[in-house]
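Chain lettering (A, B, C, D, E and F) follows the sequence in which the chains are written, and residue indices restart at 1 in each chain.
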């Protein structure tokens, strides 16, 4: 009887991991739609290809080496992971199935990689991107992930990142930033004298759908990161996480709307979408400690930050078609830095330390990988391919191939 | 051990609330896609903006005041709610986490508001709509919600509305009806001598996707409204609710198809979509008492009603681009009125009473708010904006902004 | 207390069935979007209509007769099912609610039928299709389903098909194949001397979205097919199923990408989408016995097979706009045949036997139904309708009806 | 024969089509175009950057007619398409030497 | 030189293009248009309201050619585009005074 | 008056539009077309079958101008649209007999 109950708890927690994982997996569709909506139609097939294949590569690489690097048999507090075989074996007396944990973790890796595809859209070679994704998902992410979630030295240093504002989102943005610098801007984005020429995406309904998919998936992302549900404390925690996650997204959207209205007199839809995502990224560092009201506040600030951040990157001539650097990088950092306001276990210093380590490592490691790819096979499509669109060159078929003149 | 089991039940019920809530949250995307598909492309960015922002506003307002009005510390059987602070505090010995309940309830509010956006599409000012949504989600809906679900006087009067055919759907339609009357029809919709000039929506795949999203989300809407799952009786009830919900939607779609084929010789896709939704709305008043066969019957009748209702609103020159008045209003009422056929706890008189109270209150309260907005800032865009499309004026970017001539 | 725990297990398993069912129901949207993306826009409204109505018909027919035929009161090991009333009554001491089981099963039927719509797209009469769907979902599928899952003679013969590579997917493909032969190819698909003229689909983002929806839904499809979750063994099994399902899809996509790149120098997006689905179909026959690495291998092989299979059907002048015959038929068979490699309970002979029986029965029964329809009302639209598009003729409205030239 | 080309505001298409039909003209070919002229474009906003869109949606009608119908048709179109606001469009008249009806091979005025 | 404009049924485009190529003509500019003429439109149905759509999809080909090629090309196009049913379309021939090839600056017949 | 029709590469539209404006021309009508000519198309790939797409996206500009502006405008467009690669497009010049401004009824050169 006691055993039955223990097994029942095991079953419920496993189920909770799996359902959370399904929601995070669904975020792959969210990124795909968001990015497909925010690029021009001549590059849409290619961005769709990147998105579905990166998810496939992330899942495969994390199975082959990534999970092992990040979680299996590592020493506590270390810098370097051990290497063993695949995903290890289920521990005696575990609270949930090992595979359900793996499943939940594997979809996170894909999220980190999805962040990159948006920032480098419309100009990066398909295969350069795919090769990079092998490295990020198989090695770079698992390595830095180990430092905190695998029990490595950042965990020991008191760095606190509940569901990955830093470890997933800012890390993805760091990898993206390296690429954005190395790649240069899309042709025509920046004019003389700092002029910014917007390049409107082709499909606002897809961008909105993508954002709402991400919003939905985020309940799995943050909610699942409690890592247990089966007693009252954990269940209540998960409930609060859902409420806070939703509140931050909502106020992020509203804040972006208001800033947009005040600044330009109009409701800039893609800024509102970015505002919602900014709120989500920011609350991800700690969706459990704040009250819902405080969470709403964090979301609102993130919704403001994201707009000014996007404008700043434009001024710096760092071209990011979907705003990934601002949403995931800047608001990820912001999320990390406000953790100590609500969570006594975290200090501003340790948060800064952790953020610096993660950003530094991922940026440098990514820079090296991108650079090698650049030197060997090149990272950027030719000017002519950029003009005609990457769909024809890389994929062979346009996104909307009917005769209708493009 | 006993405690472990109690906590386990608490955890399972909390989880059930949260997952149901995620499904209902997802309905926000359903409404967004359905409406984006059923408006012209020149108004698509604007309707997307309305949909995502209304969800954000609903979540924020219900956190700030709505949940409190509807559920916290109210007297049983009353007319007026008490006012306290935010979402209250978890009761001792609760069956599930307070936050999970709040989360489930908050997504319902958004549904009610989503109903409005479709009916007023293509002509209502963005900001008039958003301001109204503050009032509906923060005050009007919570007030009438309290009367039944919060234990107010309608609950006492024996009014029975399991998951909200009246409280959510018909209420949303009542608010929409007030606006539709005050706004007038879209330019060009009605000609001389009662001629109806259809204004086809721009994107049937989006409309279909939206409907299927709503269908999916409805399992959370109705399934979660059992409010408990963790014993055999409740679990079986939830199972039956799923089956009945699905059956009513299926027969609603089939009935609309058949009527359409008999009347016009063709399969009118958007009528079929409305038929499925009509079945869903109608079964929502009581998805638990009927047998699956009876539920299928209710859905079929709703699928027929919705077509004739849409035709009637057109005759009355009440312009409703997406059929929200018929789907949510008329079929919501129909759903309420058939409850007594299967549920001995309900009487036809009390159902009629409840429907009248809800409709009357929401309609009048909405009328007042809309009227104040109309007088102060106006509710309708200028004729020229209507012609050019609201996207350019309110949002600044078209839904499909590429050069391709619109 | 013991009772509470038993009921709690009942509740958890019921919930698990229902959530799995919701995920499978969602696959209806996946098929709808995939097919809408892969047909020309002039046939898009019609394919959307087919998809939503077939789901409605499947749900209704399976409620009225199908579930009864397949599961209720049948004799073990038999050929012919018994006939009783509707879905039967809940057994004493059941592990989960009867309705939750019905719900999970009913969404499977819809999947089988969805497979057909893609293969016959762009040329089959709407009503011929809908009438066939009554027979497939009400009789043909339940009959062959009974033979294995209902405990009939194939179960006895040791045929093993965990979640339906054969019973659902290959069966759907068999019904489709009969139709594809009887219908003939779309006008213009095949030229002289074996030339294949591709007819590109109209909307790659929808096709990709559809695939990702299917991928998501498959976790319910395979994960739910364990049929129990509430103890450690079952929960662990479900966890492994999720991991294997995901791994096979991922490697299916990657393998199809690599073959495409090697053969044609480009990343053929719709082949990659088919590759992911091929991996999913193949692992469905047994997602539990293989290790994740082996599952990845199965997916990869399926991703290769699917490409060559599509090319072969083209050579045979069997026109299948979405690749359903290859994805669901050929890879379904492949999935069945690799089961014995990991599962000692299955033998190659019994797998072949089961596959032959299912394929033979469904193909012949479908052939008969299609033939009767062909003789009486015709299955194929007129040449002129095919030219103008089926949307205008069958549905009355185009998918993107705005003035913009098609 | 003449080829008359009219550039009009899109929402005037229905009225203009009726005017043409009432003038007894049996055929028109229509296309969507973008026009640039005295009517000024609008400012759009995308991700915080404003930009000027100078090309406005217009509809182009091409109508082959007999010489003697020109004046009547110009008047009919002008009346129907006129809103009095800048951007109402233009009518261009060009020579047309020969017309062939593909179906029958009929020529010139017979083919109109 | 002449400017030949052909309005044809969309699904005939491939055949007509081949006919043009076989006639030795090297260049064509194609656009999608909607046509209104003797061929009647169809009734559409949307949310229970029927409405008449009079504009049918057509394809327009514009081809600049030497004077002496006109007859040959008219015949080739007519043959390829003909289905014998109403709505097959028309060919219009207009004067063309000058042609410039942008790339080289070549003029007139050299530029074709 | 003349009707000048230019077929150019789509990405050159902005530059050409500026050149036209700088030449003091006040109006242009633009449409998307597909062009077939010496520039070869590309091979596309769909579901394992390769196929040739011969029609390339082009932009067509139609500009009604005074006779004396023709040479200047041809030069301006040629300069702006030239990339030196095959497919840069053509300019066609046709007679234009009459122009009407719908809004005011102004005629001919007044209406341009």
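Everything below uses one rule, namely that a contact is a pair of C-beta atoms (placed from the backbone, for glycine too) under 8 Å apart; a residue touches a chain by one contact, two chains touch by 3 or more.
Remember, it's a predicted structure, so these values are computed and weren't measured experimentally.
Chemist: Chains touching chain A and chain E alike, please list them.
Modeler: B, C, D, F
Chemist: I want to compare two interfaces, B-E and A-F. Which one has more contacting C-beta pairs?
Modeler: B-E
Chemist: Counting a repeat as over half of the contact pairs in common, which of A-D, B-E or A-F repeats C-E?
Modeler: Answer for the repeat of C-E: A-F.
Chemist: Chain D-chain F contact: same residues or different, taking over half shared as same?
Modeler: different
Chemist: Centroid of chain B to centroid of chain F, CA atoms only: how many Å?
Modeler: 51
Chemist: Give, as an integer number of Å, the spacing between the C-alpha centres of chain E and chain D.
Modeler: 18
Chemist: List, in ascending order, every residue of chain A touching at least 2 other chains.
Modeler: 1, 5, 8, 12, 19, 200, 203, 209, 264, 266, 268, 270, 395-398, 401, 403-406
Chemist: Hey, what residues on chain D touch two or more of the other chains?
Modeler: Within chain D, the residues that touch at least two other chains are 10, 31-34, 44-46, 50, 55, 94-95.
Chemist: If you look only at chain D, which of its residues touch chain A in the complex?
Modeler: 44-51
Chemist: In their shared complex, at which residues does chain E touch chain D?
Modeler: 2, 6-8, 31-38, 54-55, 58, 60, 70, 74, 77-78, 81-95
Chemist: If we count contacts the way the header does, which residues on chain C are in touch with chain E in the complex?
Modeler: Checking each residue of chain C against chain E gives 387, 392, 395-398, 401, 403, 405-406.
Chemist: Using the touch definition from the top, list the residues of chain B that touch chain E in their complex.
Modeler: 196-200, 260, 263-264, 266, 268, 270-271, 307, 310-311, 314, 323
Chemist: For the complex, give me every residue of chain A touching chain B.
Modeler: 1-2, 5, 8-9, 12, 16, 19, 23, 40-41, 200-205, 208-209, 211-213, 215-216, 219, 223, 229-232, 234-236, 238-240, 242-243, 246-247, 249-251, 253-254, 257, 264, 266-270, 272-273, 276, 292-293, 296, 404-406
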